[in-house]
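Which chain is which? They are A, B, C and D, in the order written, and residues in each are numbered from 1.
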Amino acid sequence: MRARVLVRPKQGILDPQGQAVERALPALGFSGVRGVHVGRLIELEVEDPSRLEEMCQRLLANPLIEDYEVQLDGTAPEGHASAAP
Amino acid sequence: MRARVLVRPKQGILDPQGQAVERALPALGFSGVRGVHVGRLIELEVEDPSRLEEMCQRLLANPLIEDYEVQLDGTAPEGHASAAP
Amino acid sequence: MAATAPGAPGLERAQLLGLTEPEYALIVEKLAREPNEVELAMFSLMWSEHCAYKHSKKLLRTLPTEGPRVVMGPGENAGAVDVGDGLALAFKVESHNHPSAVEPFQGAATGVGGILRDIFAIGARPIAVLDSLRFGELDSDRSRYLLDRAVAGIGHYGNSIGVPTVGGEVYFEAPYEQNCLINAMCLGLADRERLIRSAATGPGNVLVLFGASTGRDGIGGASVLASAELGVGDEAKRPSVQIGDPFEEKKLLECSLELLERGLLVALQDLGAAGLTSSAAEMASKGEVGLDIDVARVPLREADMEPFEIMVSESQERMLCVVEPEHVTAVLEVCARWETRATAIGEVTEGGALRILRDGGPVGQLPVAALVDECPLYDLTPERPDAQLYPAPSGGSAPTDAGGALLALMGSSNLSSRRPVFEQYDCLVQSRTARRPEQADAAVLLLPARPGQEHPALAVSIDGNGRRVACDPYQGTIEAVLECVANLACVGAEPLGLTNCLNFGNPEKPHVAWQLSQCVRGLGDACRALGVPVVGGNVSLYNETADGPIYPTPVVGMVGELPDALRAAGLGFSREGDAIAVIGSVTPQLAGSELAKLRGEALPEQLPAPDIAAVSRAAAVVREAVRAGELSSAHDVAEGGLAVALAECCLAGQLGARVRLEAADGLEAALFGEGVGRFVVSGPCDRVQEVVGRGGGKVVGRVQGDHLQITFGPETKATAEGEIDVGVGELGQAHRTLSGTIA
Amino acid sequence: MRFGVIRFPGSCDEVDAQLAAARVGEAQLLWHADPDLHGVDAVIVPGGFSYGDYLRVGAIARFAAVMESVVGFARQGGPVLGICNGFQVLCEAGLLPGALLPNVGLRFVCRQAELEVVTDRSAFTRACSRAERLSIPVKHTTGRYYAPEETLDELEAADQIVLRYAPGQNPNGSAREIAGVCNREGNVVGLMPHPEHAVDPLTGSTSGLKLFASVCEGDGVRAAA
């Protein structure tokens, strides 16, 4: 099954990339953009989706500083980060 | 409006990051994972979503090497990459 | 003690924050009331081991810090020495051990960021970084992971900010398994009269905070972390990890230097451990003034931060400066040009009070003196353990034949090539690096040409073998200092000054207290004997887990000067037919050596006392010979002994050697015995003969072919049992262990 | 010959490039926010981590005010050299074909590299001869040159490959061992190796000098076009 993991900097953790992009946009004539965050997208083909959570915890994300969210193909994004326990 | 841009390496371009993840998983006891690709996730708050396409083209992705996909909050992922022209 | 006053967090909170009951009582006495939340948070950090040096300050006072070349000694953000032509060299080494054990990439990266700020905080442009790393044995997954991430983090920060990482050292020893050491050293150059101090002066002057915005990074971080042993609570401490932003720091660096260049600042100070609290308090204390700070003016990354959070936040990439009112606009303009946020957050006041305001209303008021200078200092209760504290290294079956042993040593974790590490560091940026890693025993950095000297240069080396210090804290520390002297001598450099980072376990334990005091005594004695002043450093205590303390690890960083970089010798043999000599007379010992480790032999309980005078004489002979251009190569004999030193000379020059030794104390000791103070040099026969004549030593062979051959006794005898004949290619293969393990 | 070296926030090798260029001509720094090129005869987009390399290497720097002028200058045949991060910026700006991807090893690599000069018609290799060997250091994490196969064929056909890594020297998995390319006219050159760090025997090799000297030969640009 096709799955996606969206990894983003945890709430409150410094996100230099997001800041840099947000500062750059107005100069390119894109105004009205806020709250930019840059993270990682991991796409993979898994036989057993039930193990995704564990994969995120142990390898795909760094729960110390990152939140992640799993999207299984076709399903809607849960909208909010599933904060790491 | 809250939006997400998913950027991934174009089909057929060597993705060493994806390979590294794929190599690392079995060692951690995760078998049955294939086709891993690592890309970028950009989340932002936009006043005018209609400009997102242009933002991706000009800044957020490099169409020569990357595909991207826009998710507006709540909407389902389009499942496939909107290949850049 | 009186019951907690309403609104006061009280003794229990104080204890949770790491203060003892007597310390809390003292605070109450000094305030003549109980501290409120803001005040308690600030005291708990300023009175932590990390900031107050509670258990080390008395020892540190015994170190020699004076010298004709000293421009700035301990007490400022970094020490500095005069390097002639109106230039001063600032340098310091600092640890980031505990944060790195929690998150190695960010911990190591922000460690580099922190030491860089200490250097440009005194107005010097950072010109080089060195790193000193300690991990558990390479066969542990955790050690390899920590090594991999820490090295990546150091590279990420140093490379991105355009400061070359020109040297360092890595050791793998079991006692570091649960408590790795990440020390970083930085060097900076400045016009002597442009060095700036951190003393806030001039009541009415404005306090400007510039750089990154303030978030909850490291709240209860470094200061508290570094003051308590890592343990089960570890996970809980995790959320306070700081993220490094080298891009922000690069702008901060250029911006700070431009502000100084334009003479716009009265004082400058970096924000490190304990953030705004420590920086403001230190500045006020040094200038004997007070400060008003309005936390409402501090730019925040997170809206809802409490005053105490703002005061203790350890968000990276921030600086604090004192500016005369008429210059404030100019300062803000320079910052804006560098896209660096800058805000006036307060002002210098008469009297010695640090007042914390929020929108003008006071939320805390503390006497600066109490905060900075009146934390109780503790006497150590040293006690020599009656037996060696540390178990024998879990070595095992090292080959018994000399050739096999040499190959095993060349491939051992501590002696294998560091290329996979240093290739991840930019060692070239700034166009000063005249000797790169593995080219010479010390890094050589060019100084601007000056009248009569076209290529004046600096040399720098960092060293500290924890296992040797564990064998004998006093002698082991002296060895570390002499090792640096030897490294500098090989490139023709004379020592100017020394910095150090003392990485130890829990000083409240008598045996650790003993290690610490022996170490500092050794450091002081060596420095006095050599006439090398200690201009700064750092102390990292409580490096200890349930498994016990780390090896006592003083990391010594030494800088020196040489008149002509063109003559700086490399360590590699460079000409077929050159004579090879060993300079210096030391009886090598196997006890405590790398070979002994390989064989799992127990650590001895002491090391032979190095003859400091003799070693510095030998070093002087090598230094002068190198300066006179008499030698083609110079390399000091260190870990692994003479055989390994010769092998390293062969590898660096891709040339073989034929060497014949007398087997005085047995073949093995002659080949692999250790003990600081010997040098392998090569050069034209007559020149080398002269050098030997001056230095005491012996011609032992010649550069030849593509094999390293070491035989014993008379010329006539052919290679036999206990002797060595190994191809240079084979040595190279063995030396590559690390590339297999990481990169 | 007057060189202008651009300084972005996050540039690291700009002063090195200025010093190197000053060995063969005059050299000054150009501020990213100032569109005025101050009449320089050649532009160098230096190495480093412009804007922290955040988002994607070179992606943000290409929009700096000065870059519009650089594009105009290049279109009129002015010689432009992009080094490492500068190469990435020129690709992002569309002055050079292709893009640079993360090294296959995914690590930063700093080492001396052996290179082969492929074309001697570019503004910055005119003083070299084809197949000449150069020793110049590389230092980057994102140096794997990529372009679609047909583009690579075109580049080779149009003699737009400037430098190749010598056999066994490719540090990043670059397509067809490519270390540097130029535009059709040969006046815009992008290199991953750092010639500014190869101009003095004391700090390394000297091969890099030739590249700076090349652009001084004759009236560089138009000759190449």
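Note that in this section a residue touches a chain if its C-beta (ideal position, glycine included) is under 8 Å from a C-beta of that chain, and two chains touch if they have at least 3 such contacts.
In this text the structure is predicted, and so the values were computed from the model without any measurement.
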Chain pair with the higher count of C-beta pairs in contact (B-D, A-D): B-D
Between subunit D and subunit C, distance of the C-alpha-averaged centres to the nearest whole Å: 36
Interchain centroid distance [CA atoms averaged], subunit B/subunit D, Å: 29
Inter-centroid spacing, subunit B versus subunit A (mean Cα positions, whole Å): 10
Multi-partner residues of subunit B (each touching 2 or more other chains): 40, 42, 59-60
Multi-chain contact residues (two or more partners), subunit C: 245, 247-248, 339
For subunit D, residues contacting two or more additional chains: 51-52, 54-55, 60, 63, 105
Pairs of chains found to touch, sorted by chain label: A-B, A-C, A-D, B-D, C-D
Residues of subunit D that touch subunit B when the two form their complex: 55-56, 59-60, 63, 92, 98-99, 101-106, 144, 146-147, 173
Residue ranges of subunit C in contact with subunit D within the complex: 152, 155-156, 159-162, 245-248, 250-251, 338-339, 422-434, 446, 455, 565-566, 743
Subunit B to subunit A touching residues, read off their complex: 2, 4, 6-8, 18, 21-22, 24-25, 28, 30-48, 51, 54-55, 58-60, 71, 73-77, 79
Subunit D to subunit C touching residues, read off their complex: 9-13, 15-16, 19-20, 48-49, 51-54, 105, 107-111, 137, 139, 194, 196-197, 200, 202-204
Residues on subunit D engaged by subunit A in the complex (per definition of touch): 51-52, 54-55, 60, 63
